[in-house]
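In order of appearance the chains are A, B, C and D, and numbering begins at 1 in each one.
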Amino acid sequence: MTATVFGLLGAALVGIGLFGLLARPEPLLRILAFNLLGGGVFLVFGAVARRGAAAGLAADPVPQAIVLTGIVVAFAATTLAVALVLRLAEAEDRP
Amino acid sequence: MTLLLDAFTVAAVLAGLLFFVAGTAGLLRFPDTASRLHALTKADHLGLGLIVLGLAAQAESAGGVLRLFAVWALVLLSSAASGPILARLARRGGAGG
Amino acid sequence: MAEALGAAALLVLATVVAGLARVLRGPGIADRVMAAQLLGTGGIAVLLLLGAATGTPGLTDAALTLALLAAFATVALARGAPGEDGDPPA
Amino acid sequence: MTAGHLADLLIAAAILALALGVVLARQVFTAVALFVAFGLLMGFAWVRLEALDVALTEAAIGAGLSGLLLLGAARRLARTGAPVDEKPPRRAQVVAIGIACATVTAALGAAILALPDPAPSLAPMVVASLPALDLGNPVTGVLMGFRALDTLLEAAVLALAVIGIWALTPNRAWGGAPGWTQPRATEGPLALLARLLPPFGIVVAAHVLWVGADAPGGKFQAAAILAAMWLLPWMAGLAAPPPTGAAWLRAAVAVGPLAFILAGFGGLLLEGAFLAYAPGAAKATILAVEVVLTGSIAVALALLVLGPAVAR
């Protein structure tokens, strides 16, 4: 039940993130929306991990470890995107 | 003895809950920012403090008690520090959208 | 005892979620930051109660991390708010 | 319906409301504040999904470091203006986008409801192999043992991201200090917090790293806490970030992945496979690599938040 609820929430977040990414013109909001999308994908992984409870573990540790790496890599990508947006803004600012 | 400790835990956690409920109610219902800040600090200091006290009575090791009180100390410190910053922010009336 | 503490965790969670309305509604920046702070404190209480209810010491560590980062995030929000006199004149 | 299921629904509804709030926010600052709250609640979701390691990471990175990064960016953009003046899409376009996104969600939701039962799981294999590594935390076992190559590449990705961000430095600022100057807060609440919190934080980070072998925790969580503690005095204006030209800083970013690669070649030499650990020495090797990696990742994370050097 828990896995299904958060799996479906993950699916909803993917849609919401995608919508923000496509429908909002502000670059920073697009980066936020992209992070929502990523959070949704991670939740789907988390749901799959929870369903894979076996051998005395409450969840499959392999998808969990992948999500852990994913969060850190997504953060690195976000910082790079933010730096690009800021640099672009500076460049446009100059006559 | 265990019964007495359990009773203490229940009483303290219940009292802590009361402060959390009151703090949230204040945050939602009070008309202006300053009084909302007032409500919030109560929940922070007392609500969490009472819950920590109650749980400390149940902790099995000294390390567990230490970590519980470390959490409380951290929250007290951060809310003491952020309170004035928030008040300044509220006074300037930064309008959000 | 475990059930009682679990129920207490649920109740605090409910108040935290109710407090979200203030983050969503604002209207001022201070209101949003304040509500986010209550969210942090409430979250810490939920984790502590749940940790005691289920006997998971890892949850207390999570609460400790959250307490540190909540302090950090509040300062970041307060300092990063538009109008906060942080920048030298451009 | 048990209390746990009620909690699930509460958390899920709150996350959904916050996500919608972020996407529909009128002001960027509002969106960022909502996003910080979103990260916090995602932490709860991970607790409910029995993924405490992930919950710790999400709380540290999602709510803490991301918040600081995005707020700083929002404030700077408010001053310079958005880089590209793009027109918002027309109403018909928005409706079309909405329908397309709803379709994606529906397809993904159907896939989740159609997942096989019983679910396939690698948990028995992990549990069976864990004693060889002498670790108690299966997630750490996967990260440092069975999928160590992923973790190595991830450490490399962080170093590459730092290089990528530094590559955006304007010519005249090259080698200078990153981040923009903060007003000095010598006294008052902020200075107090910036002085008192880091010692606390360093102890907590060491604890989180140490218990990571057997309980939820580990290098990423510890590194995120350390990075936040390093950034705090800078936020209060008590300390200036180091210049990006400093050799020690560059060495600190590189030493983590290098140590990991070195351990990998050690395995190749002694055991005949890259990243293989010698029996009996597995835990010691893993811990040594983790300690070095933690420092390296912490420096990289802080530098990522600070951004490229600025001309002064």
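Keep in mind that, in the parts below, contacts are C-beta pairs under 8 Å (C-beta built on N, C-alpha and C of every residue); 3 or more make two chains touch, one makes a residue touch a chain.
These figures come from a predicted structure and were not determined experimentally.
With steps allowed only between chains in touch, the distance from chain A over to chain B comes to 2.
The greatest centre-to-centre distance from chain D, using averaged C-alpha positions, is reached by B. The interface holding more C-beta pairs in contact, when B-C is weighed against B-D, is B-C. Annotation: 21 Å between the Cα-based centres of chain A and chain C. Per-chain CA centroids place chain A at a distance of 12 Å from chain D. Spacing of chain B relative to chain D, judged by their CA centroids, is 28 angstrom.
The set of chain C residues touching two or more other chains comprises 26, 29, 32-33, 35, 57, 61, 64, 68, 70-71, 75, 79, 81-82.
In chain A, no residue reaches two or more other chains under the touch definition. For chain B, the set of residues that touch two or more other chains comprises 70, 74, 77-78, 81-82, 85, 96-97.
Interface note: chains touch in the pairs A-D, B-C, B-D, C-D.
Contacts from chain A toward chain D in the complex involve residues 1-20, 22-29, 31-33, 35-36, 39, 42-44, 46-62, 64-69, 71-73, 75-80, 82-93. Residues 3-4, 6-7, 10-11, 13-14, 17-18, 21, 29-30, 32-34, 36-37, 40-41, 43-44, 47, 52, 55-56, 59-60, 63-64, 67-68, 71-72, 74-75, 78-80, 180-183, 190, 193, 197, 200-201, 204, 207-208, 211, 215-217, 221, 225, 228-229, 231-232, 235-236 of chain D are the ones that touch chain C when the two sit in their complex. Those residues of chain C that touch chain D in the complex are listed here as 6-7, 9-10, 13-14, 17, 20, 23-24, 26, 29, 32-33, 35-36, 39-40, 43, 46-47, 50, 56-59, 61-62, 64-66, 68-73, 75-77, 79-82, 85-88, 90.
Taken together, the chain D residues at the contact with chain A in this complex read 4-5, 8-9, 12, 15-16, 19-20, 22-23, 25, 28, 31-32, 35, 38, 42, 45-46, 48-51, 53-54, 57-58, 61-62, 65-66, 69-70, 73-74, 76-77, 80-84, 86-89, 93-94, 97-98, 100-102, 104-106, 108-109, 111-113, 115, 119-124, 126-128, 138-139, 141-143, 146-147, 150-151, 154, 157-158, 161, 164-165, 168, 170, 220, 297, 301, 304-305, 307-308.
Residues 6, 9-10, 13-14, 16-17, 20-21, 23-24, 27-28, 33, 36-37, 40, 43-44, 47-48, 51-52, 55, 58-59, 64, 67-68, 70-71, 74-75, 77-79, 81-82, 85-87, 89-90, 92-97 of chain B are the ones touching chain C in the complex.
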